[in-house]
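Down below is the structure, laid out as C-alpha cells.
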Amino acid sequence: MQFLIETLINSAMASAASALVVVGLALIFGVMRIENFAHGELYMVGAYAAWYFGTSLGGGYAVGFVAAVMVTAMIGVFMEVFLFRRLKENPMGPLIVTIGVLLVLQTAAAWLFGVNSNLLVDSPFAGAASIAGINVPWHRLFVIGAAIVLLGGLTVLLRTTKFGWALRAVAQDKDAARLQGISIGAISLLAMALSAGLAGAAGALMAPIVRISPYMGQPIIITAFIVIILGGIGSLEGAILAAIIYSTFFTFISAYFDSTVASIAGLCLMLLVLVVKPSGLMGKAQKV
Amino acid sequence: MSVLSLKGVTKKFGGLTAVNDVNLEVRAGTIHGLIGPNGAGKTTLFSLITGFYTPTTGTVHLDGEEVTSTSTSHRARKGLVRTFQGTVLFPDQTVAQNIANGMLATASGSWRDWFSESQAYAKNRDHEVEKLLQFARLTDLRNAAARDLSHGQQRVLGIAIALAAKPRVLLLDEPFTGMTASEKDRLVEMLQAIRQSGTTVVLVEHDMRTVMKLCDVITVLNFGKVLTEGTPEHVRRHPEVMSAYLGTAA
Amino acid sequence: MTSNKKAGFGFAIIAIAAAAIVPLVAGDYYVSFSTEIAIMILMLSSYRMVVLTGEWSFAHVVLQGVGAYTAAIMVKDWGAPFPVSLVAGAVVAAAVAAVLSFPLLKMRGFYFLMGTFGAAEAIRLLWRKFKYFGGTRGFSGISAPYLEVGPITIDFGHPASFFYLALAIVVVCLLVIWSMEQSRLGQIWRTIEQQDVLAQAVGIDTRRYRRIAFIISAAFAGIAGVLLAYAFGSVTPNRFNLNFALYLMIWAIVGGTRSFYGVILGGIILMGFDESLRFADELRPGIYGIILILVMLFWPRGIERLVGLDKLFAPKAALPDSGSLAASTKGDAR
Amino acid sequence: MTNSINMTRRQALLAAAAGTSLLAMPGVLRAETKTVKVGALVPLTGDLSLWGLPAKNGADVWASRVNKAGGIKVAGEQYNVEVVSFDGAYIAEKTLQGARAFQDQDVKFTMIIGGDDWSALQDFSNRNKMLTATLYVSDLNPDSTYLIAPVEAHPFYFGLGVEYLRKVEPNIKTVSLCAQDDVTGRSSLAYWRAGFDAHGFEIVNDQYFDNATTDFAPVVSAMLAGKPEAVCIDTTYPSVALLLVEQLFTQGYKGRILHAGFELLPDMVKRTSKEFMEGSIAFFPRFDDQTIAQAATGFSDPSGFYNEYNAAHPNEWNNTSWEFPAALEVWKQGVEAAGSFDADKVLESMKATPPKHIFGEAKWWGKDLFGIDNALLGNWPIVVVKDGKVEIAEVGDQAAWYEAHKDKVEARFREEDLMPDQRR
Amino acid sequence: MIELRNLAVHYGRVAAVHDVSLTFEHGINCIIGSNGAGKSTLMRAISGLVRPSSGSILFEGEPIENLSAKAIVERGIAHVPEGRHVFPELTVDENLKIGAYLRRDSAAVKRDYDKICSVFPRLAERRKQFANTLSGGEQQMLAIGRAIMAAPKLVLMDEPSMGLSPVMVGAMAEVIKSINAEGKSVLLVEQNANVALSLSSDAAVLEQGRISLRGKAADMKDDEHVRVAYIGV
C-alpha cells in the first residue's frame, strides 16, 4: 500500500516533468513544423544554468530558475533567427540543424563543466514531508506544483491572450493567420522562446533531483518523442495527457519490474496506439 | 449496361452530410457529366467512386463487381482510372516518363523486372508512350520536364498518364479548368476520340458550355443529392437546375 | 547507354580501383576504417531505397543489427561458414522487416519515423534483455572467415583481406541496388515518392511497394550487419542505438538522396571528417555539429548539388528533394 | 606528458589533406629516441567519458611524474613514457580501430576501461600480441592471453565488504541491492549476492535499472519496500550513487549503505547528514588520506600524485584517475624486470615473479572463474565512513575470501550466465 | 478605392492572372467567373498572401503590392478567404477576437464585437464552441465577422455563397448589404453570378486570368452575353 502510494507520487512527478518538456516540443512542432531534436539539450542547459547562476555564482535557487529560463529562451531565439529562418529550402534541414545544435550544446557543457559532473543544485525545499509513514521530498511536491502552475499559466496564456490566440491560429492555418495581420516570423520567434524556456524551466526544476550531466537530455528527448506520438503530434492537450499516461505507465512498470522492461513496454504501448490510431490519441485522422 | 454504378451512397463527415443517398448508373461507352454548384458534393462523390473515401452507407460497383471498400489502386488495376484537379503530375520527370509511369502497375511483367527491364516491356512501353504522345499532341515536348508545361498542356498530360493505365472508365476531375478556348476544343476532340475507342468517360466539370456540348448524360448534384439526370437538353430546360446553378437572386 | 551513364560507370570504376589500392598504400588502421566506410556505404545505399518511397526510417540500423546477431548466432551455435551466415543474415533481416512492415507501414511521415524507432528500440532492448542474444555484453570472438582451396589459403582476419572481401560484396550489392533502381520497381518507388496519390490512381499499390522497398533494403542492411560482425568480431546491442540511426539519416541528407552517389558521398565525406577531427579529442562532437549546421545553411540540398554531378547517376531524370518527412507531417498535424 | 594529441592530430591532418594515407608506415611516426608509448583506449566523448577522461588524465600525470624522475629503465636504457589516447567511444569498431592506430604508432601497453570494449579487441590482441590492461576482471577468458587485470579485480573485493559488515553488524539479516543494467552491474551484483549468501543475509529486493534512468525514486521505493537493514548500491556512477543515497535519506532509510567508491561523499554528506552516512562501507581509499601511503605500498607517493592531479585537472578526480597509473606501475615493474617491451617477454617475466600490486603483494589468479590466471589478485582495503570521511578500516585478502566461498560465487555467476563456458 | 494596374501573378511558371487592370469605387462590387478563372489568386494578391509578378495594386491611391499581409490589414483591407478558413480549434469567441489582432482601441473592439453578436445571434450562442463544430453557413458568418473585427475599409469576400443553401445565401446577401450600409466597401468574388450581380454596383467577368467583360452590374445581369459566356446556357 505504502509502496503503491509512493509510486503514485513518483508517477505524478515524472508526469509533471515530462509534460513540461513535451509541451514545448509539441508547441514548436505545431507552430513551425520542426522536430527539435535539441529540445532535450535545452532541458540540460536549463539544469546547468540553474546550477551556474543559482549555486556556483551563489544567486540561490530562484535566481537559478529565472536564469535557466532566460538562457534557454535566448538559445531558442538564436536557433529561430540564425538557423530555422534560413532553412526554408530543404524541409529536412531544420531537423539536421537541430542535431547539430544538440551536439554543440552537449560538447559545450562537457567542455565548460566537465564530464565527471558532481554539480549539485540545492532545493530551497529541503527535507521530506512525512505523512503516515510515507516520506515525500518537498522538492518533488514542488516540482508537481510548479508544473501545474506553469502548464496552467501556459493554458491561460494560450486561451486568453492575443498572443495565445495568434500562436494557435498560426499552428492551425498559416494563411488565415496572415490575413488577420499576424506576423508568422514574430510568432515563430516567441513560440521558440516559449518552447525553449519551458524546457529550461523543466531542467531547472529537475536539477536538484536528477544527475546533471551533458548527456542528461538524451533519454528525455526519446521519452518526449514517444509521448508526442502517443498524444498526436501538434496537439498540446494530447501531449499533456500522453505525458501523464506514459510516465505513470513507465514508473509503475519500473517499480514493479525493472526499467528495461518498462522501456520495452513503453515502446510497445506507443506502437499499439499507432496501430490502432495511426495519428495518436488526440491527433487528427489522416489518410494513408 | 452500366459499367459503373452507385447504389444509395451516403458520406458523412462528422455531422456534415456531404453526399446523401446518391444513385448513379454510368452506361458503357458514354461520356457522363457530373455537375452542380460549388459545394454540391461533386468532389466527394468523385472520391467515393475512386476509393479515396469509403462511403458511410451504400455500395459502388464496377462492371457488376462490388468495389465499395477496395483501394484506389485496386480499382485502377480493374480499369477505373482518375485524373486530378490542379496539376498533380510527376513534376520533375519528362513528359515521356510521366506517361510511362502510367503503365507501371497495369502492364504485365514478372519479378525479373525488379532487377532489370525486359526488352519486351521496354519496347512495348516506348511504343505505347509514342502513341499517347501523338494522341495528346505532346510529341514535341516529350523531353520537357512536366513542371515546365503550360497549364493546359499539364491537364492533357494528366489525362495521357491516366490513359497509359488503359482504363475502361476514365474519371476526369474538372479537366477544362483554366484552359483557353482552343485548348478546350482540342480536349473535347480528344475525349470524343477516347469514347470512340470504347472507353467510358465520367467527368466532373464546371464549364457548362463544354459539358453541354460533350456529354451524353448529365447528372446534376445539389446539396449532396441528385437533383436531376438526363440529356443535356433535359438538364438545360430543367428549372431547378437553373436556379441551383445560377443561384437565387437576392 | 547515355554519355552520362558512361561517365557514371567510369567514376564508379575509378572509385572501386581507388578503394582497392588502399591496403597497398595504407596501414591497417586506414584499411580497417575503409572497411567501416564500405559497410556504411552499403547501409546508406540500401537506406536510400526506403527514402525513395518517400519515408525516413529509424529501423535500418537495428535491421543491420538483426543481420549481425544472426551471423553471431550462426557462428557461435552452428559453426556456420561465412557464406551461410551472409545469406542467413540477409534473410532473417528481411523476415523481421516483413513482420514489422505490417504495423509500421500504416503510418506515414513523422509517425512512421517514430514507429520505426519504437519497433527498433524494442528489438534492441530485447537483445539486451535475453541471454540468448548475449545480454548487454552481446557476442564476441566471431572469428573471421578462413578460406582454404588447395594450396591457396586466405585468412580474412587480416584487415586487408577482409577489406577486399567486404569491398567485393558491397560492390556486388551496390550493383544489384543500382539495377533495381533502374528497373520498373525503381520507377514505381520514384512515382510513390514524387506523387503518391497519382501513383495510386494509375494502379500502383503504394503500400505494397513501400513494403517491398522496406524488406529489400532490410536484406541489404542484414548483409551489412553480417559484414560488421565478422569485421569486428563482436556484436553489442549498444552498437545499434538511436545515435547510429540518426547518423545514418544525417549522412544521407547531407549527401543528398536525389542521386545514387549522393548518399555515398555524404557518408564518405562526413565519416572522413569525423575521423580527421580526432585531434580535437572531446571537442570532436561539437565541431562535427558545427559542420553539420554550416553544411545545411550553405548547401541545404546536400553535397551532391555542390559537386554538381547530380544528374550523373540519377536515372533518366532528377529526383525531387529529399524532404517528404517534413512535407508529409504537415498533412498529419491537421 | 600530454602528447596524446600530437600523433593523432598529425595523422588526421595529413589524412584529411592527402586523402590517401602514405603515412601509415610506422617508421615515420616512431618517436625519435628513447620514448616508449603507452595508450589509453577509452571513451573520451559521450556518457562514458565520465570514466575515460579521468583515466586518461591520470595516465598523463603519472607519465609526467615518471619522466621528471628520469623515466623508466629497460635493458640499461632510459625511456620517457608518452601517453597516447584514442576515443573508442565504447563502440566495437572504433575501439578496434583505436587498437590499430596504436599498433601503427607502436604502442607497447594499452589500457582500457573494459566491459564492452574488450570483446572487439580480443582477436586483434592475440594476433598482434597487444599487451592490454583492463579494469574489469570479468573480461578475462581462456583466450585472452594478452589481457591482464593488474589493479582492480572488480568485483572481488565486495566479498570482503560483506564479511566486514557481518563482523560489525552481527544481528542484521536483510539487504536490498540495485545496479545499472550492464555487464558491470550484472557481474558485480552476482558477486554481492554470493557475499550475502556466504554471510547469512537475506536479499529482500534485488533489481537492475536502465542506464538512462534519471529519477531514482522508484528504484529506491522498490528497494525499501522490503524493509532492508542494509542497502547495497553496487558500482553505480558517482552521480547516480549520490541520487540513490539522497533518495534513501529522504525516504527515511536508516542503516548502512554499501557502495564501491562513494566518490561524491562530501556532497552526499551535504545532501543528507554526517549521521546518515556514518558507517557506510566502500572500497576506495582517499588519496589525500594520511594512511594511504601505508596501504598503497605499490604506488609511489600517492599523495603527491593526488595533489599534482588536482592541480592539473581540478574537480575531475575519480577512482579511474589512479587506476590507470596503478596499472602503469605494474607494467613498469614488468618491463624493467624483463628488460624488454616485448609482450611475451613481459608477460613471462611478470608471471614468473608477480609484480607488486597497488595494495601490496599479490598473485596471479583467475583460472577457476575465467579460465586464465591473468588477474593480479592481492589485498584490498575496506573503507568506512567516519565523520563524513572515508577511512581505511581494514585490508583484506580477496583471494582468500574467494577460496572460502567459491561455490557460492560460481552458483551466482552461473545464474547470470557469467561463467566462461556460458559466454556467447 | 482599389485599383489594379496590369496585374499579373504566377505560380511557378504558370500564370494565374494576366495583365488585369480594374478600378472599383466605394460600395459593393464584384468579380464573377468560373472556377479556376483566377479570382482567388487576384484576391490573394490584393491581401498580400501572394506577391504579384508584375503590375501594381493601389488602395486609396497608394501602392500596396509590396506591403506585407500585416501592413495591408493595417491599411484597412480584410479578406474573407474562399472556404472560410476559420481557425478550427479556436472558439468562436477567439476567432472573432483574433480578427482584431492589430487593433489597440479596446473600447471600439468591444463595440464591434457586440455588434457582430447582435447581427449573428447564432454565433453569440455558440461563443464557447470550437469553430469546427459549426455548420458551413455559421462558419461563413464567423469568417465574415472575423473580417469585420479588423475594422476594415474594404472587405474582400471570396465565394461567400459557396455551399450554402438558398436561404443562407439570402441571409448572406443581407449581411453584405448591412456591411456596406456601415460605410465599408465590399469586393465580392463569386461564381454565383445572380447573387453577386444583384448586390453590386460595378462588376467584371474574369476568364482564364483575364478580364473579359466590365460594366455596371445591373446591365450585366440581364446581358444574354454574360449568361452565355459565363454560365454556358
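To keep things simple, chains are lettered A, B, C, D and E as they appear, and every chain counts its residues starting from 1.
In this text, contacts are C-beta pairs under 8 Å (C-beta built on N, C-alpha and C of every residue); 3 or more make two chains touch, one makes a residue touch a chain.
Predicted, not measured: the structure shown is a model, and the values here were computed from it.
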Can you give me the shortest step count from chain C to chain E, moving only between touching chains? 2
By label order, what chains touch chain B and chain D together? C
Most distant chain from chain B, judged by the mean position of its C-alpha atoms: D
Computed distance of Cα centres, chain B from chain A, in Å: 48
Just curious, how far off is chain C from chain B if you go by their C-alpha centres, in Å? 41
CA centroids of chain B and chain E: separation to the nearest Å works out as 32
Can you list the chain D residues in contact with two or more other chains? 45-46, 49, 53, 181
Any chance you could list the residues of chain A touching two or more other chains? 107, 110, 115, 222, 260, 263
According to the definition already given, which pairs of chains are in contact? A-C, A-D, A-E, B-C, B-E, C-D
Across the complex, what residues on chain C touch chain A? 56, 103, 106-108, 110-111, 114-115, 117-119, 121-122, 125-126, 128-129, 207, 242, 246, 250, 253-254, 282-293, 296-297, 300-302, 321-327, 329-334
Within the complex, chain D is touched by chain C residues 22, 25-30, 32-33, 36, 72, 76, 128, 131, 133-141, 143-144, 157, 159, 228, 231-236, 238-239, 272-273, 275-279, 281-282, 284-285
Using the touch definition from the top, list the residues of chain D that touch chain A in their complex. 45-47, 49-50, 53-54, 181, 207-210, 212-215, 217-219, 221-222, 225, 237-240, 242-243, 246, 250-252, 263-264, 267, 270-271, 315-318
Sort out for me which residues of chain B touch chain E in the complex. 15-16, 37-40, 87, 147-148, 150-151, 154, 174, 177-180, 206-212, 223, 236, 242-243, 245-250
Give the list of chain A residues in touch with chain D in this complex. 2-3, 6-7, 10, 13-14, 17, 107, 110, 114-118, 120, 127-128, 130, 135-137, 140, 206, 209-213, 215-216, 218-220, 222, 251, 254-256, 258-260, 262-263
